[in-house]
Amino acid sequence: MAEFEPKIIAFVCNWCTYAGADLTGTSRIKYATNVRMIRLPCTGRIDFMLLLKAFAQGADGVIVSGCHPGDCHYTAGNYHARRRWILFRSLLDFVGFDTRRVHFAWVSAAEGAKWAQVVNSVVNEVRELGPFEDYQKLARVGVE
Amino acid sequence: MSRIGVFICHCGENIAATVDPVKVAETMSRVPGVVHAVDYKYMCSDPGQNLIIEAIKEKGLTGVVVAACSPRMHEPTFRKVCAESGLNPFLCEMANIREHCSWVHEKSDITTDKAIDLVRVIVEKVKRNAPLYDIKVPVTKTALVIGGGIAGIQASLDIANAGHKVILVERDPSIGGHMIQLSETFPTLDCSQCIMTPRMVEVAQHPNITLYTYSEVEELDGFIGNFKVKIRKKARSVDENLCTGCGVCMQKCPRKKIPSEYEAGMGMRTAIYIPFAQAVPNKPVIDKDNCLYYLKGKCKICEKNCPAEAIRFDQEDEIIEADVGAIVCATGFDVLGTDSFPEYGYGKYKDVITGLQFERLASASGPTLGEIRRPSDGKEPETIVFIACAGSRDPAKGIEYCSKICCMYTAKHAMLYKHKIHHGKAYVCYMDIRAGGKMYEEFVRRAIEEDGVNYIRGRVSRVYEQDGKLIVKGVDTLLGSQPVEIEADMVVLATAAVANTGAEDLAKKLRVSYDAYNFLAEAHPKLRPVETNTAGIFLAGACQAPKDIPEAVAQASGAASKVSALFSGDELSREPVIAVVNRCPPPVFSTCEGCFICEQACPYQAIEREEIKTRDGKLIKVVAKVNEGICQGCGTCVAVCRAKAIDLQGFSNEQVYAEVMAL
Amino acid sequence: MDALRKKARELLESGDSEVIIGYGEGSGNRARAIFVQKPEETERLILDDRCEQNLAVYLLKREVKSLGKPAIVARLPVLRTILQLAAENQLSDGDVAVIGISPDGELVDLPDFKAIEEYVDSLPLELSPEEQEQLEKIKNMSIEDRWRFWTDEFSRCLKCYACRASCPFCYCSTCVVERNIPQWIPVAPHGQGNLEWHVVRAMHLAGRCVNCGDCARACPVDIPLNLLTQKLDEEVFSNFGLKAGTTSELNYALSTFKPDDQENFIR
Amino acid sequence: MAEKKLLKKESLGQLFEKLKSDGRRILAPRKKENQIAFEEVSSPEEIAKEYIQTTTSAKFTVFPPCEELLRYRFEDKEVQIEDRKLDPPPTVIFGLRPCDAAGFSVLDAVFSWDYQDAFFQSRLEKTSVIGMSCNEADEYCFCTSVGGGPGNTKGSDILLTRLGSGDYLAEIITDKGEEIVSLAPDLFGPAPSDQKDEFLAEVPVRFEHKELTTKLGAFFDNDLWVEQSLRCVGCGACAFVCPVCVCFDIQDEADKNGGTRLRCWDSCGFSLFTLHTSGHNPREVQSQRWRQRVMHKFSYLPDRFEIVGCVGCGRCARSCPADMNLVEHLKEIVETK
């Protein structure tokens, strides 16, 4: 059977990472097809529940990416986001959720190459972990 | 039920080479809610745009999805097309199948499948898009300029000359700031006062400028276009309308030994005083802390002698309220005093002075009428040492930044000294020479080569007095760090430029952010250097960071043009991508519980408080309210709202959720 | 206990308070919340180790509010709850008279938020050794064991929301789980619905929970929910140096930041 | 009159074997930390020894907390519906208390009234109950006040009563019971002489439920509801541990391809219970929801089905985070002048 291809959902900010990914395109840098990007104004807007929904929806891995500290288009959104992720990650880990499936990055509008590299490495790491059935299976547990 | 039209662009071969647009269109046509799905070679071309226009009309589309390049590229184009066809532009979105798909993947079914996913995501979003309308905010076309230094003056004049009203507020009795204290200015060595005073007069006489000196901003309310400011006009104890500025009061005042602020302590003034001859306005103030009447309850000599009977000991502070649409903050900087340098004698050596003090000594209008004389005994210094980076670039002093102007003015000082005392010896102890700027490097070289100033690279460890001389101990790092010892008659410290006193309080009043050194923070270090985070408040000059005159002036003009642009219309129009707090039927009214965590999280202070009341005015609950004029639409509030009571138009919870569920 | 009754009586007689929210004898040798409105009924008030429920939950309850100005019997968790609720704009100074109770059961006079802040400041806020031990036990499990442990615990969850109802910080009139456009959290009590519910709830309490333990006590199927909030409280303190319920001014971990917050996990 | 037999304690194991080989799963009270719940067991040793009541009832066997009703798929722009096939596993509930057993008939009354609920009925039909009389009770028990009793046979197919010897007096009540006996006739000996009542717990009658029902007729607007429910925090614990609460809520869980329709337990304790789309809620405050709970069980159900919506198991009080004690409050109502 064919090698498992992970499904990766990325939540990115409009001003840095989305633009960075545009640059990846204009620079014609090739990367893995596994990622599906969802554009938001700012990492500050990214509700942690979205990540849960991504996994519920069958994602094997998630990427959250935005502007580097100090570069936020809205000056502080990414700082707020960073605190949110610090707590959310530790909580996920505490309930036994493998945080190697949740990746955070700062990718600026100038870092087209970094975006490709982030996607590729995440895809490879998650491919190693295999499909995230644990989470999807839960939706049936307790349903008679 | 939505009626979505999907338009797949080939972008010539850019997309079609790796993605199969026909398959994408065909798949989309089977998605519930999609009533029209076509592909075309160039959607952005006129015929392409016509496809959209026709479909909107014929199929009565409720939403348009253009799958092509990045929305950052063509979203405005296609939204305009929709608007022209009578469809609200915010019902149109783009799926990025070029930069995020066809250009980054090889030709394959997988690539096409990804394109399909990307389009479906946007289709599901657009199904939940709501028509949005630009936000109009009325604008009061009066600007408040805080600070009457060169930056504030420049900004005021530019705005006023653009035909708008300006209120200029200056804390001191006269405008002019630090620039009016300077003797000559680098790199041209033209006299500061000669170029400054005409500007000051122009301000005073300009019909569009209302000048409040000896005044401070007390309180600020409101938001861009609609600020309300309270200005405290401190009592001068002099009736400005009657006073002719004759100066008799000053001659008669018994208190004559008060260190003059204008002279940076190098000269003295009286208790009732006009800071300097060319002051604007040329009217005295009584310094209550030093006036005998205010201290002891008797004297009033000035009152007796004033021919205009303008003295008013009972005058009180006045609070002036004004509506302004924009604010330029030009509160400038200050310099460290010599007393913050233990290694250079804590300021107890009279002949160790700051650069600013040297300016006064060198100035024709200064206490020595421009002759360089030691404060201690009035002798001409035979040997003078200038120490650069006094405090600057020195973590030990808590100042890690470069004060930027010192290299240049130190070179200027050394030059002025040599021009006045030809036989004298001038040394400059420096760390690095930073002479970036038009004619700057040349200027420094002139000091060294033509005027024979000795530049010694190395830090000065100590300055101490020894039989009438100031011993300057340091090293010359260019000569293998060999110790250097100079017997000087006078030492000038290029002390660090620091944030002005009260900068922090002002920042809090204006609700603008400031950095670790209390310099006011720009909205973006590169792209929005004259704006602050608070819409409608701009920065000019050294209140943002140390700057020389041309930079301060340039930034002032920049800020002024931002203000003029803001004032160009009667209303300012903003993208409606902003947060909104929900409303729902009684008894809940809004799921907002008024915890105001969003208020703390908002980077723009855009969250206000709103009372929900019954018809008979009984308070039901206090909820958050987003100020449309201020909100920038980052959505941080949305993520911190537990009750999901606040949502972001254009990126609503429902939309983003649907996007995820489409994958 | 007599001091408590005396104080309560005074408050009612003086009219300073119209209802005392306190503890009384319940069933099965349990203590229960009682609402004393008549001075002579203050004799019903009790105070002992069984009095654990976080009474602050009633301060925001509509029917209780309608009884008039309240006084509340407040041990440390209740005191911290009051401060946190104040920080979140749910209580104002003077809304409630506080009958402070020290850890050893003595009455403490706490006239205003300021006094409560100072008093709370003087008490240790760490977890008890037992709590810490239990927390460490989970932390030391392998990640697989933790997953098994929690999915098994959550599998008992009936979504009765006793955890939410007994928590004074779950004061939303419409809880996120009840928002159905979109339906963020599955309403159904299946594995995913339960996990997401408890994860989201814990996140919503991060930096706000004062560790009163009522969520766990209330749970009819004994899910140790307080472990989740305890873990987050630990993170909030170690990362940001903040503790909930220590000040009446809002200083919430997730609406503030430091430019140098850790980011070793970010690429 | 039910047939009486003796079931020796050592024969239980064999009985379980027989039941399993007949393809039935056996659910019995199992202890885990301080929780006792009905779970599948394979031998009597796994069954909790001393207990008065399980925390949650056995209601879930016939009315699961979360039950799939149907699935649907989006095909092109059509919706394809896929009905649920019903074949619940044959189940024996062992050690069910008489109160819980009686609860099944209340559920049946509701689910098999005007609309025949196939989901419930198919499960009930496949379920047999081997009840266990109560040797002891606690202050929360009040079965005798609602027409039941510690040895009540209602709802059990076989009722066991543990005798001094540790052996069991088995009363074979229904055909389903006979069926079980017929799987292993030799395990059931001739009835002993012991008087069943001697081994039953004392459960004093706390109030007259008929009197209560009459009283409630005119009690709707009484202030007592507010007084009693002041400490109620408004959770659903009481309803979710109750063996007879039947309220449910329909939920669809869907994504782009289709979805599942689920039936989930609901509780009158929740603020969203009976909230209208308009925002109006006929039961806006907790006291009204508490009133609904009591009225439903002790007034509406009796009026409609001549059945009390409560079997006196006392679980709601044991589980209540705020110590809302049903029997105490019911007494209070009866005694109100």
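A, B, C and D label the chains in the order they appear, each numbered from 1.
Operating definition for what follows: contacts are C-beta pairs under 8 Å (C-beta built on N, C-alpha and C of every residue); 3 or more make two chains touch, one makes a residue touch a chain.
Just so we're clear, the structure is a prediction, and the values are computed from it rather than from any experiment.
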Interface with more contacting C-beta pairs, comparing B-D to A-C: A-C
Approximate Å spacing (C-alpha centroids) for the pair chain B, chain D: 70
Chain C-chain D separation of Cα centroids, rounded to whole Å: 32
Centre-to-centre distance between chain B and chain A (centres being mean Cα positions), rounded to whole Å: 35
Numbers and ranges of chain D residues touching at least 2 other chains: 65-66, 253, 255, 262
Residues of chain C touching at least two other chains: 173, 176, 184, 186, 188-190, 254-256
Residues of chain B engaged with two or more neighbouring chains: 584, 588, 601, 640, 653, 657, 661, 663
Chain contact graph, described as a line, ring, star, complete graph or other shape: complete
Complex contacts: residues of chain C adjacent to chain B: 88-90, 171-176, 179, 181-182, 184, 204, 250, 252, 254-256
Residues of chain A touching chain C in the complex: 48-49, 52-53, 56, 69-70, 76, 79-80, 82-99, 103-106, 118, 134-135, 137-143
Chain D-facing residues of chain A, complex: 57, 139, 142-144
Touching residues on chain C, where the partner in the complex is chain A: 138-139, 141, 143-151, 155, 176, 184-186, 188-196, 198-200, 202-203, 206-207, 227-228, 231-232, 235-236, 239-240, 253-259, 261-263, 265-267
Chain C-touching residues of chain B, taken from the complex the two chains share: 584, 588, 591, 593-598, 600-601, 622, 640, 642-644, 653-654, 657-658
